[in-house]
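In the two complexes below, subunit A is the common chain; its partner is subunit B in one and subunit C in the other.
The block that comes next holds the complex of A and B.
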């Protein structure tokens, strides 16, 4: 199995966190992506953009981790958008039947615009976090 | 490429991922966690768990799980799992607890007739049903996982057995050494003047052997030889051993037989160390051929014999006897020096001097020789003497 060093960075745009996974999402190193998303939701951020421009290969382990993030966000009534996916990514998501269940945008700006127009959580929810 | 072919390739790739996860160099729990991610990623399940049957019978341990409430997971019906067909996935319909928790499919994992664990998966994220093809793939994954769990169990058992064997070996070794010490004490107890002689000769010999770079195993062998070298004295009468006046020629003959008696006593023991019996037999041989019992020449005397004979002579010199006082360290060293090349080997003497020098400098954590030596000696004089000897012997 090919592998490149996996890393994650993120930035906040208002109440939206944009996450940038980098490298192959194909082993347990990808847990850092779940953790990064978890850190933001723990801080009350419930809108996430997953920018996959620097993410190469995604195997079954990576798919499972992405499902993990989606499920975790569901639990807090959050929203997730995927963006800058490669042809290989979209083919994989289509083949698995995942595409109808996720929100995908071509560019990060489009994803941000969509989430900005999406109502955020009630203030009391934030207080609880 | 059509969708079906793509899906097949993805499944083949998932099997490769599984193989990699199982054979990777990660620790076992990380391997299993990787396997769980492979399985849940392959079937798009948000929930999944892998169980291990530690004793193959009565209970299941969660090795890795995601999405499930751990309390629910622990309530799994083991009998239902074990009564299902080996390694074949089945839908969980009759277990209210598991279905309420979101579990949909179970795979009981078996290797031959041994139940080794189970995989439980939740509904698919897409809400699509599990297909026959999914079950075929899950069966293949389950079989591989079962072997991995079984191998892990075997590894743990072997490890336990190894630990137990190591513990037993250490215990036996301790008993063995205790027995040797008891023997040595019995020998030394025959004569109040030789009390602890065997123990000291064993320590001195081992210290010299270590200095010469002997392996731990061989050093232990000469240590044992040191303990047992005088065991033949058991058959020599106390009257002779305790005598304060000079021995008669017949008595000398009797005393000299002790190394042969020692050899005869211990030659039937199969030691794990080579040459212990011969080292003991020849510990009174001398380089010039004037020793006993076989009057061996320098070329026929092994290094082990040379070490033991020097250690034995040194302890005899620096211990009190019925017929003389103990020698001080300086006198003993001069005496040994005068016997170099006739009784003692230069190389062994050099190693012995280096051990003494290290002990005086405090470079050895557990001094073997100095504790028995008369404390009145002048350290600077002894150090100077040793320095000179070492220089001379090194040339």
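The block that comes next holds the complex of A and C.
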């Protein structure tokens, strides 16, 4: 599991922002991530893909931050998809009983395709893989 | 001795193989199957399987007449072999006709004395078979006598119309039958081939090591048409059950917990398991602890029946007894460092000429001893090496062997201190990663342990209010568990104060926090919080399970 210093980058694919958090996702990193997402939502982007391929450990505070991002997006009728999660990430969400509350795709392309095809508000308590 | 087998109720986990062999014999009668090549590691139970088959076949009214012959290194001189083979067949056939199992173990009764009995049982034709054999023997016709002996079962089957089931144990030794001096007559194994082709005479043949029977026949069709049956080791639970049953018979008590680790070491080998139980009896054990089991194991590999067994195998394969010490050195190289093909290097290390290393290694390899992954054999070789090469006293050696497996010696403790600073928990996670790798834990367990450790550290950093700003970490590894203690000064807390809030409820809350101890509880097998003076200790335990399910 990677544990490098946290950084975050993003790119726009049409009206979808793909966010790449890299390193250990803790409280400080979580704040950076929230800021990055906030920049996009401030510009009217309501569809986000969180690509976790370079994300190391996600601690419990990092989890809280991710849940806050989901909550914030719901308020503006936006939606968030997770992609390229490691086994440890999925196990962590499973253990906390959070898997039914997030939308997960194996690849970024699948997540982008989903968001392109299904506009509208994110439904509550989804369970899509 | 075919009836010298263990009671059938103690013959565990081989019912499928036994039934398969019986079915095979029936199919062979209808030309729908070939012979069976029964392969498997040494001591895995091939001979026992044959003996169990012999016993069940012996009592069946319409089944074949069973004949069991075990090739032995001491009986490979042709003149001895033919008499031994022939007389054992005659005695076993007679015992079968009379349904007297004790007669099946006889071989040294003068055959002439048996002739009237055959006549009385309506098998006077056997007298002709015996006469033919005696004529060749009296005429000094070596090949004729060999052929008469080897073909006696098929001759009996053809005349009587009743199948004769021929079970040849350790048949690979047949390649070493000689006329006057070892190696003087090659190819005598081919004399068996004609009999093996007859449907009235199904053959079941065993051999070690694995693959030893594959190249033994000159007629390749025999090998192609034969069915290969591989006898594997007993699974751990059956091995444990067998050990328990053997001890029970000897009125010795031992819990599965005490026996598990050492029985696991025996690799599901029934010979080793029975020998270990017998060692417990010889050592007057009554209520065995794990240390007692370990002591018995060390005794077994140093001087018990298992050591005797492996000594016999080694002595049986050595053509020149003067090579024994060099073989021990080479085996030590192979078992200690793995099979190595750099003969020049081995020669240098062992102090033996390279040419001799090549010759001896070929012989050891042919006998499947150079890449034998058997822990018991490895310990046996270590004992031999200590005794014969290093000159250690015999009484010291069992202690050295057992110390290698003692739980106390397999415990390690690591301690570290980390500052309560950003990302310091990752240093702890890095340390535990290496500790887990040292004890060969898989990634899934490692990740679980890292998650729990990170959560514990950040919990202490966030909530303890520690005046010294330090966390003391202790990692204790043992074969059974990894125990991590995270200690800090400052505020105490109890697990009772941390109720588990349902995920949905927590998600609706403003802060969405409180996931840490939920993760810790889910990932660890046990979580305790203790107060020690002004310090708080969180103790995390992760049990270590071996892949076969036993405790490490």
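Some notes on this structure:
FYI, the second predicted complex is superposed on the first by the 113 of 129 C-alpha atoms of A that agree within 3 Å, B and C clash if a C-alpha of one lies under 4 Å from a C-alpha of the other, contacts with A are read in each partner's own complex, and residues count from 1 in each chain.
The definition used in the following text is that contacts are C-beta pairs under 8 Å (C-beta built on N, C-alpha and C of every residue); 3 or more make two chains touch, one makes a residue touch a chain.
In this text, all values refer to a predicted model and were calculated from it rather than measured experimentally.
With subunit A as the common reference for superposition, the partners subunit B and subunit C occupy clashing space. Contact with neither subunit B nor subunit C is seen for A:105 once the two complexes are overlaid on the shared chain. Touch criterion met: A:61 reaches subunit B and subunit C at once.
In the superposed model, A:20 makes contact with neither subunit B nor subunit C. By the document's definition of touching, neither partner reaches A:82: not subunit B, not subunit C. Of 94-102, 130-138, 256-264 or 328-336, the segment of subunit B whose C-alpha atoms clash with subunit C in the superposed model is 130-138.
When the two complexes are superposed on chain A, the residues of subunit A that touch both subunit B and subunit C are 1, 26, 28, 59-61, 63-64, 67-68, 71, 91-92, 95-98, 101.
Put simply, subunit B touches subunit A in their complex at residues 3, 6-7, 10, 13-14, 16-17, 20-21, 26, 30, 33-34, 36-42, 44-46, 66-67, 125-126, 128. Contact residues of subunit A toward subunit B in the complex are 1, 26-28, 59-65, 67-68, 70-71, 91-92, 94-98, 100-101. Interface residues of subunit A, counted against subunit C in their complex, comprise 1, 3, 5, 24, 26, 28, 57, 59-61, 63-64, 67-68, 71, 87-88, 91-92, 95-98, 101.
Listing the residues of subunit C that touch subunit A in their complex gives 422-423, 425-426, 429-430, 444, 447-448, 450-451, 454-455, 458, 502-504, 507, 511-516, 518-519, 522-523.
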